[in-house]
């Protein structure tokens, strides 16, 4: 399936539609196989001890998957998360950004399903894995 | 099982350990059956259109379940979320706080499991449901 | 919402449409609040040591939720599970049936969401909890 | 991490410990990266219309992940599933076996996490994805 929004189009869209989070989240890469998104970790994402909070990791995976869907459907898509499952496996490494690599598994007429692996930037072992289902709004 | 941290003890603990989020989240009630936590919705939790963001709903359910575990184990517990599943079912009602009602299903030596229903304050239909597993740190 | 298939109608439907499993699964009760389904445990459901297998517990929760949806929509509904999350919390008690208590949380036009608690018959502590999303086929 | 049980050792273990299902499930391949398991589809796995049942797909993913853990820990490991999340994405193709490709994401002292993609044999698009957490029994 063709990519209809590239990296720049997605980042411009995020800056316009989600100004309150767009300075933390960036799409680094998108192609037909995968999308890579980055959380630039700031104090607002940290828990005591310097680790990134669970909700921030969830937000990164959610955003990566959302952008992967938009990259195929275009900016008009008001897709919403309906189900999410996430496993937190390792403590993120202090002082590193988090990077999510996302793969679309299904892009149906009504539902899209994707999975993401989240890692501390530059490290091989995953911090978390997530899978999410999005509902695609129907044209009426 | 006895409640070893009541509502006030939990809120004091949150204010001390999680100062960056404690003004948004409050424990409203805790007893042996359930714990109720509240997200005082502010601009930082909103998405375009005035709806509360998915990560904020996730954060509320996570915090409610965390506090339910602490209410039984006390403030020393460094419990961490290992798995979470969440279903987003309805749009939160604009202008209302979100309230999570949480029930512990298992409090084992190694793992705790709980579920939470999130509603717009005062409305019956759930906005989201979540279930989470926490790992309980082992004394060494 | 009205119940359009009662306990007897659901059991008759299961016997006709799912003959290969209908002698193991029975709907014990259905009303507007909840549905209760039973797995009559046989040798085919057991693992070494006499415990009921995970897939059998999954099948019971899935069937209970499916029947809860049919009880509102009628037998024509070709609903299919799209997402499921299950936590196994305790070993089922040997020699007892398993009983799932299921509650519909959302019955939308496109998606239905429900949760189920599975217990060993007569015992209070849950063996497992499950939540599932079903897609409701659209009339065309 | 070294593979301590290869394909033959795993299949021998399944035949001895799980005789009631071992004729349906086979480990086709295992290496340090992934494990591939097969469900030889028989009438007992089918639903009306000839599609493989959800619980059978769940059982295949569960078995693949279990064997992936055993391949690293050896046959003594009494690992049990604690959490599972599964998304059903496409109808399995009639008349084809199902094949699960499983990858271990974490093998900790207490918990193991893995994910699996299930496909109709020979077809590229996934029928289902699953992620599961297993508890590793502690030596005492």
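In order of appearance the chains are A, B, C and D, and numbering begins at 1 in each one.
One rule holds in what follows: a contact is a pair of C-beta atoms (placed from the backbone, for glycine too) under 8 Å apart; a residue touches a chain by one contact, two chains touch by 3 or more.
Remember, predicted model here, so these are calculated numbers, not experimental data.
Engineer: Going only through chains that touch each other, how many steps at minimum separate subunit B from subunit D?
Structural biologist: Shortest path length, in steps: 1.
Engineer: Test of understanding: which option in A-D, B-D or A-B shares over half of the contact pairs of C-D, residue numbers taken as the match?
Structural biologist: The C-D interface is reproduced by A-B.
Engineer: Approximately how many whole Å separate the CA-defined centres of subunit B and subunit C?
Structural biologist: 28
Engineer: Whole-Å distance, subunit A centre to subunit C centre, using C-alpha means?
Structural biologist: Distance between chain centres: 33 Å.
Engineer: I'd like the Å distance between the centres of subunit A and subunit B, where a centre is the mean of that chain's Cα atoms.
Structural biologist: Using C-alpha averages as centres, the distance is 23 Å.
Engineer: If I count partner chains per residue in subunit A, which residues reach a count of at least 2?
Structural biologist: Only 82-83, 85, 87, 89, 133 qualify.
Engineer: Among line, ring, star, complete and other, which best matches the way these chains touch?
Structural biologist: complete
Engineer: Can you list the residues on subunit B that touch subunit C in the complex?
Structural biologist: Per the touch definition, subunit B meets subunit C at residues 83, 85, 87, 89-90, 105-106, 108, 113, 115, 117, 125-126, 129, 131, 133.
Engineer: Which subunit C residues qualify as touching subunit A in the complex?
Structural biologist: 82-83, 85, 110-111, 133, 135
Engineer: Can you name the residues of subunit D that touch subunit C in the complex?
Structural biologist: Within the complex, subunit D contacts subunit C at residues 17-18, 20, 43-44, 46-48, 53-56, 58-59, 62, 80-89.
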